[in-house]
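Heads up, the next two complexes both have subunit A, just with different partners, subunit B and then subunit C.
Moving on to the complex of A and B:
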């Protein structure tokens, strides 16, 4: 009896052992092993993506990286910003840049080049000093790099990528992106220099109002009086100075991420930076047009610095009168 | 034309200077975000 009981117990133990091994080898039981202890199941059954993205400004996790900002897994608003960058901004750029070029081309087709009435004379007058021309080109040259590299960020993938191919476009973009940051500094210096040197001559006055009322002489052909800078040039000056200051402030904020503001603020600042830039590009295209192919004699002001006296009398009559009056007051010393 | 060329030279010089100053202050992402438990490959 005792022996039989021991044998039964041994058999039971062996059977139990086999059944335990078999049970451990079975697939996962009905209760999921990855189910959290809290009972909350963060999968698509209970969490709906659209609701989550609509209700959470930041979806964060737990990390061991030293930078706490890296715990943000998803920033739902960032998707809206990304869509705006990829879909809306290229259209704004196309409308502003191509629209401005189209308007200028139409203007040129209708009006042609504005010529010097009576042709060029023999006399010239110094319009801009060497330093004035230097700071103009310092600002203009760096602006060209900034504008082209910025446009590449906005529309390069649509315009240049199909033309250049992946590798060339990638290499070009990797060159232009840091150039955009570094060339910003000579641009800022140029803005400061222009403000210091040309501020006094660009304070708006009644003469400018009359200049605008007369359409700047572009519509009827008569030249309204103007000082060293006419109303249109003063407008360009203030757009460059104020727009440039805004571009510098927003650009520096983007250049040093998270120093001034968080990701939400940086996205807003980036939108402002891009919109001001596109408006400035459109405005500067008009400035470039009228300073080069649009008007005979205008480019000389920033080329040699000397302009045709007849041209100057037509477009800046008050300034010429002042300069001639100064020259009469201080006649050149006689030759020894 | 001389002033234009001078401006181009100064732009290149200032941009180069800015790149050196900024590079001095900036830390590459593979260094800034690396820890003893997380290593990030350097950019190519």
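Moving on to the complex of A and C:
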């Protein structure tokens, strides 16, 4: 019994090996004209970098290093990112930053400083509490560091490098680069605080629509009614909050590179980060203009926190009415 | 002057990683930094090829073009080098590099990278102190100053990885492909030099 089973198995094995042999003896696939000397043609399953690159954006493979980034062998998109970085972004930056400054200068030349109609009165009204001013300047101060250090990465080599020379410019950039990373955190804190404190006052409503229809009072000179924040200010608020959130999201991704995405994703995120930043810089330049040299009395709101009552009545009529009504209901307790 | 290039004949590479080891040893590069690496494509499948890759010392190098502080420069042999004194560790060169060549010594808090390090084609540093201990510590060996080619290519056991004047190594590759009848291409050349070796 035992013996027969072994014989059977042996026979089966021999039969199998014969059939395998037969299969292998099939006529070989057509040999190329330039048949290799060795007779073995590893090219039968050809791999060629041109075909790989034609089908995918980057060539990746297996690697024995623990660094996942090293798996990417070739990523020609790097050259695209290079072209964008070198030829496109400096122009966008120049147009947005210098263009905005030029438009504001032109506006100033034509309209001049917008003065308080009827001049400053004696009475003032508290517009922003000390905490509101603190969070504004926390955001504004860190924004200045972020914007300048960011612009330095884009345009420093064209503007500052020829002035300062390689060593000095490099030393400056070496300070600004980590500053950009660290100051991002107070900036993000400022954005969160402003969102929490000012959200209620910045919900858009019909008053804002009318404010925009009236051109914000810039066109005719008569002031459309507005609450604590007018339509334009609400726009600035939402640009800062939403833009700031986008800057924080892309910025944190850049700060911890390759944690969430690969090289292609990092390139895209860097581009988005730069474009939103430049748009926000252009926007904030206008905000700085109208809050300082552009309008008499406006800076007081974020300076002492107390603004001229006449100014407030002109620009934020509904808010002043509310505040005055509140003050009548609960008169301040007399000093003891 | 010669136009120095690297060429990896992937049909000869046996993925022994000796080029990686030789580079690390010749230049004493710190942990975590690999100026050269071997990537295997189609691993375990038909058509598997291994390619040894490092800085290709590109024409119009993307790293140099995007560097915000202009720390890169090109030698007379067309080797792309950079100054570690000027580098601010921003990481832009890694985004631009088609070959993943730039390496950064520390990726600690907030992505602070430290000075970039990459293949110098065994040409040392830019400070002009050829062969000094300070140059070696900062940039690695300067074999070119001694009239030698990069160690990775010099000691490649299958002569897959070649270094030298671009025209000469291209000619060697062309002869090889004609003789054996196949070739998977001059890896990275189209991207680095805007020309491939057509056989």
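The rule is simple: the second predicted complex is superposed on the first by the 264 of 336 C-alpha atoms of A that agree within 3 Å, B and C clash if a C-alpha of one lies under 4 Å from a C-alpha of the other, contacts with A are read in each partner's own complex, and residues count from 1 in each chain.
Just so it is clear, contacts are C-beta pairs under 8 Å (C-beta built on N, C-alpha and C of every residue); 3 or more make two chains touch, one makes a residue touch a chain.
Not measured: the values here are computed from a predicted model.
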Partner chain in contact with A:134 - subunit B first, subunit C second, else both or neither: first
First (subunit B), second (subunit C), both or neither touched by A:145: first
Touching partner for A:65 - first (subunit B), second (subunit C), both, neither: both
Partner chain(s) touched by A:183 [first = subunit B, second = subunit C, both, neither]: first
First (subunit B), second (subunit C), both or neither touched by A:303: first
Contact breadth on subunit A, by residue count: subunit C or subunit B: C
Those residues of subunit A which subunit B touches in one complex and subunit C touches in the other: 64-65, 67, 70, 178, 181-182, 255
Complex contacts: residues of subunit A adjacent to subunit B: 64-67, 70, 130, 133-138, 140-142, 145, 178-179, 181-186, 189, 255, 303, 305
Contacting residues of subunit B [partner subunit A, same complex]: 1-4, 6-8, 10-11, 14-19, 22, 32-33, 35, 37-38
Residues of subunit C touching subunit A in the complex: 11, 17, 32, 34, 37-43, 46-51, 53, 62, 65-71, 85-92, 94-100, 107, 110-112, 178-182, 184-188, 190-191, 196
Interfacial residue positions of subunit A with respect to subunit C in the complex: 32, 34-38, 41-43, 45-50, 52-53, 59-65, 67, 69-79, 81-82, 85-86, 152-154, 156-157, 161, 166-167, 169-170, 173-174, 177-178, 181-182, 254-257, 263, 266-267, 270
